[in-house]
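Quick heads-up: structures coming right below.
Two complexes are shown next, each including chain A; its partner changes from chain B in the first to chain C in the second.
For the complex of A and B:
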């Protein structure tokens, strides 16, 4: 892994300046945005479709932008050290920066379609990042899984966006938020909701789409840290927060978000305790955090509408708190992995002496995660609790959030106390502290969590309340403070911490019980995914075997059956089946000809003699020539006769060299009936089409034009000839070219014998099919 | 007259399709020939016909079969003749090379799937 002697490429350190600079730039917007002045910039892209590259920095977007660039700065710094000596640092850095920029696009886009494009860019770049170790099959699988799950969700989301855009009359979020169109009453509201939620839930890994996120731990640790703390998975939460004023406020919205979010939070917090890999534990705590965010965005407040939208404040505060503690913990996990050579908490311990800075950073983060005063986590948790208590689902929501939080306290202890405290296992190589880029970022973020907890007013007034205002759709009046006195939320906090500590103390018994309960689940998301993917592969095998069978006549059967069925259906549906009103006088000659031709056609089918078939074919051709003649088409009849004569001669020459019909492989009775039915349907359809055509009065405008102009412009009395050689002369030239081409090809085919060297002959004996593919240069 | 011609086109079309669905390449080629007859007659009848025997503009425009359709058919006859000849020769060469006229046995381009259809593992793991 780490090659201590390898140099860190200069660019991987310099690139840190990009997010840092962007962070400063966004930070400079804080005062104006907090003052209620959103920034806006737009470049025309597809104005015809109402799609413009419009960017909009309001409270919510700015909070996310600051998290993305701020955490991104430290992640890139960390990555430059973490990837030291890796052969493809450049590729990695490029992916990471591309990912960061796509994420910024998501949170700042004003146009829904542009938002979707950036959304998909994050999907693609995260695919590249998760599958970065492409030699590892688990990484490849995880990358593909995340791509398929989030990509499928995103497609649904796009459909939802289109519905939303049509309903609101604009794709611009600003206009949507400003407008007062009643989307909740729109007939397609439920469809919009389901489609948009599909996108947000897959991206933010809500149950039942949660499984891809822990698998994505196959990515290098800086990626996991970034994906989990401030980006990728937060995109879904961001979208829900962004659309809350547009789509939210209904019972459907509230129940779905609260239900899915709460279940995901409790379920994944429980799973987190059963894991032993540091990154896996952290991954499941991320799922918990996402569940909490989703839940509180949707949580309906039971108080009057003029009250503080506490749910929005809680969700936004938790996003902020989570980013500040999750990134350091992941980075510390990566550092531990680097220096101790393992991430398994069962073989870790006693790192406190070797890695003091990492311990400090991890401790700060874990205290914030547990919600211990005076950290930001405590403030966040208090708001969560008072919001849950004040919601319409008071008791249930409070119970869910307290349970999840208690387990998270336990997980925080698991992640920090186990590796750093206790006895170090003797078998491990001596661990050492990482270089400064490995811990500086975690430390800064940990201190920031402490600072935000000590001075909550600062964080809330400048960042969180403007963001919560964007989520709630109105500016909340909220006094943030560290200490609210001994009230119910504080009591719950105490309960949470004690329960978490208790669970940590009894962790062996608890994880055993949880593990056996989880093992009893009949289906996991992962196995369902595998089942689905294998199912698709199996269906495609069967489908290919039927449709692409490699047997020529079956292809033809499909083509003809489709032709007959579709045309016949059209005729019936459109009701254009015509029956001539009068049976016109048909002369004896015409009857005779028709019967003769039909009989000859049947002979061609039934004949067991090649010669008989050829003769019958000739009779058909000649008969048709006679029909042409009967109706005044003397030129056509003449041509037909000449061609027919030639055909019979050529067919006789060639066909008699081919094997006779006596020993041919015939189809079974059933197959012949099937063919007969398809043929009859096609024949019947043709007849009906022709009858429908002739029942209409014929349009002879073109013919009349040719008849009028044949003599003055074409200087010929025979209209047909004039059309051929004059009016449509180019067509005739094309026809002659086809004839010439066919003649040349036929001649070549007959005379072409591949020159056979001894080797080629041997090869063609071994692979007879290769002979037909020989190059045309071997003409002899 | 349209009725009888339409019925005839139907019979020719059905015969042609039936022949083309055969396993025998020779029958397929015969079917191709019938198909072009059917198509020509279709265009001819569709253009509108009467029994008057004239196509000379100088004779004055008495009723006649559509001269535009006639011109189109003339082209079609020649083209289908070219196609037919080429197909026939191709069938002949195929027989020489593969020594069979059974289309089911012609699997050089799309060989018989061998045994197990190969279950695809979406994980990318070699199964």
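For the complex of A and C:
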């Protein structure tokens, strides 16, 4: 795996300076933001639509920006070492940086549409990162799954944003927060809520959309550590926190968030205990953390509205605490994988001597994760508990959060105690400590967790309370401290730790019971996803068999029948079938041309030779061109004439390569009657449309405008040409782009041959049907 | 198709057709014509050449793949649209005019040359593609 001799490219180390620099820049904003001054910048983008590239840094955005850049610094450093010797380090680093910048865009956007654009950029970059090992089919599937699940949610969210923007009268978050429009009473409130929650829940992997996140562990470990702990999956939590003052405060909001969050937290904490892969355990504990955040953002407080918004403080504190412990644990899991060659806790043990630094970092993180004093995790957990106790759903919420946390304590012991303590299995190669970039980041973050626990006032006043204020919509007055005395939350902490330790001690019995219970579930998210995807594939097979039959004549029949039927229906329904008031004078020449066209059309359909048919068709076109000429449209006539000539030339070329008419190909009996009916209907419809159009008085406004302005503004006397190359130049540009594209596509199609390489031959042996389906359809 | 009469006639007709296609292109701004028609006329001339002397001869004459001609035409059209924004900050594709020795010269002409090239390139791609298909 690791090629110790390979050099680390210089750029992969230098790029660390980017997040580090951004971190310092954001950190310099802390004092002013904590003082209540949000930074704001805006560049016009689509002002007509109310969409501007507007960014603002308030407490919530700043907290997330600091986490993204701070954790990102260490992740990039870690990745530079982790990916040592990999052939595509450059691509990997570029994806990671692109992801980081899109994530910053999400948390700092002030405009909902801009937020959506960055949101989708994180979806795309994470797709690239999850599927980075593209040779691995599991990685490809996981990447596609995350793209489909989060992408579908994001589309729903966009619809929700549009509703929200219309209801609030602005897409700007600042204006929405400042305005006092009563969104909760809006008739579309429930629709907005459902659509926005669909986006947030898929992104933050809430039940029942949770399944993509554990699968996304197919990504390289730095990606998991970054995307699936501190950043991307938190985007949904961020959105809920951001919109809480706008959409929150209602019963629907409170119940949905609390219910889904609590269920996700308890369910995934239980699943975490049954896993044996380090990254899988961590993935499920991440789901638990996301559930907790969602739950506490929505959790309604039972005390009066002027009380401290404890739910918001708890959610924000937990986001902070979680990022500080989860990223180190993921990084250590990757280091263990590198040096011991496995992530399976059943074959790990006794790494303490070989990997002392990693052990120290992991221990700090795990203690914070379990909520042992004096770590930040303890402070965070105490706030969670007092918020749950004081909520409307007091007992239920408290029971859920205590149960989930107890299992998390157990999981923390699983990921640290099992690999590092105990006996090392003899069969493994000698493990070794990673180089310094592999553990320095985890250690710094672990120490930060300890520091934030020891000096909670500092962390709260500068970072967390301004953020919680943005979530709650008002500044909370909250005194943070490490020690609250012997009260109910403390008692619950003791219960949590003991229950967690007990569960760890009895883990074999517990995981057996949990595992068999989970195995009995009739349907999982993953299987539902597969069922849906296979269903789409099956439907499209049936659909393709019907619509894409491969017979040109049937395509034409369907197209013309649809055209005739739909236009005729419209004409009848709208009642615009009109007979001209008077038959216009038709000159002798026009009669002659009409007879010529009709006669040529008859020759075309009666002809027994292809060449004859195509020449007769050319006469039809030429006749039409002459009619244009008679009416003064010389440009159109000329073009029509040239096009007719070229069509005859090209079709003649094709015909020379085809065999002659075969008897059996010609339609006989019923089929011929059907074709005749369809043709007559289309002809009749076209005639009726023309009559209806000419019955209306023609609008000359545009004609007059162009005639008046062509010479003074376009410097050309040929109005048609001036319109084409000047007034409507963009249309022409689009047309010639299509023309060039059509030429390239046709060339590719004409020269396409089924490849007969050795690989294709092998594939056709393995999948005979697939090969049959890929054969070009025979043209009739 | 390879008759002596057609072959000799083509030798005279092809240059005439090409000259008239360029004539059509240039006069298009004030009289009937323009890049589109001009390109079609040139394509007809070239297809005559293909009928008489074969696809290989036309490729030798063009010295490049017709897809390149279409690509260059598209590029010319886009660049002509960038002159206005670059010179005077107007929106993309706004025409810009100047006078060279008393003759008015503007970007719409350059744009029309682009259209001409795209049409010629696309039509020849079709024709050569079909002709060379085995």
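What we mean here is this: the second predicted complex is superposed on the first by the 550 of 780 C-alpha atoms of A that agree within 3 Å, B and C clash if a C-alpha of one lies under 4 Å from a C-alpha of the other, contacts with A are read in each partner's own complex, and residues count from 1 in each chain.
By our rule, a residue touches a chain if its C-beta (ideal position, glycine included) is under 8 Å from a C-beta of that chain, and two chains touch if they have at least 3 such contacts.
Please read all numbers here as calculations on a predicted model, not as lab measurements.
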Residue contacts with chain A in the superposition, chain B compared against chain C:
B
Which of chain B and chain C A:730 touches, first, second, both or neither
second
Applying the touch criterion given at the start, work out whether A:275 contacts chain B, chain C, both or neither, answering first, second, both or neither.
neither
Using the touch definition from the top, say if A:203 reaches chain B (first), chain C (second), both or neither.
neither
First (chain B), second (chain C), both or neither touched by A:650:
both
Once the structures are superposed on A, label A:635 by its partner contacts, choosing first (chain B), second (chain C), both or neither.
both
Touch check for A:703: first (chain B), second (chain C), both, or neither?
first
Can A:680 be said to touch chain B (first), chain C (second), both, or neither?
first
Figure out whether A:715 sits in contact with chain B (first) or chain C (second), or with both, or with neither.
second
For A:746, is the partner it touches chain B (first), chain C (second), both, or none of the two (neither)?
both
Shared chain A footprint, chain B vs chain C, residue numbers 634-635, 639, 643, 646, 650, 654, 657, 717-718, 720, 724, 732, 739, 742-743, 746, 750
So, in the complex, the side of chain C touching chain A is made of residues 28-37, 40-41, 43-44, 47, 51, 66-67, 70-71, 73-74, 77-78, 81, 92-93, 95, 97, 104, 106, 108-109, 111-112, 114-115, 118-119, 121-123, 125-127, 129-131, 133
In the complex, go through chain B and note every residue touching chain A.
1-27, 29-30, 33-34, 37-38, 40-42, 44-58, 61, 64-68, 70-71, 73-75, 77-79, 81-86, 88-95, 97-98, 101-104, 106-113, 117-125
Of all residues in chain A, those that touch chain B in their complex:
137, 140-141, 144, 530, 533-534, 536-538, 540-541, 545, 548, 550-553, 556-557, 560, 580, 583-584, 586-587, 590-591, 594, 597-598, 601-602, 604-605, 610, 613, 617, 620-621, 624, 627-628, 630-636, 639-640, 643, 646-647, 650-651, 654-655, 657-659, 661, 664-667, 675-676, 678-680, 682-684, 686-687, 690-691, 693-694, 698, 700, 702-704, 706-707, 710-711, 717-720, 723-724, 728, 731-732, 735, 738-739, 741-743, 745-746, 749-750, 752, 768-773
Parts of chain A lying in touch with chain C, wherever the complex brings them together
634-635, 638-639, 642-643, 645-646, 649-650, 653-654, 657, 714-718, 720-722, 724-726, 729-730, 732-733, 736-737, 739-740, 742-744, 746-747, 750-751
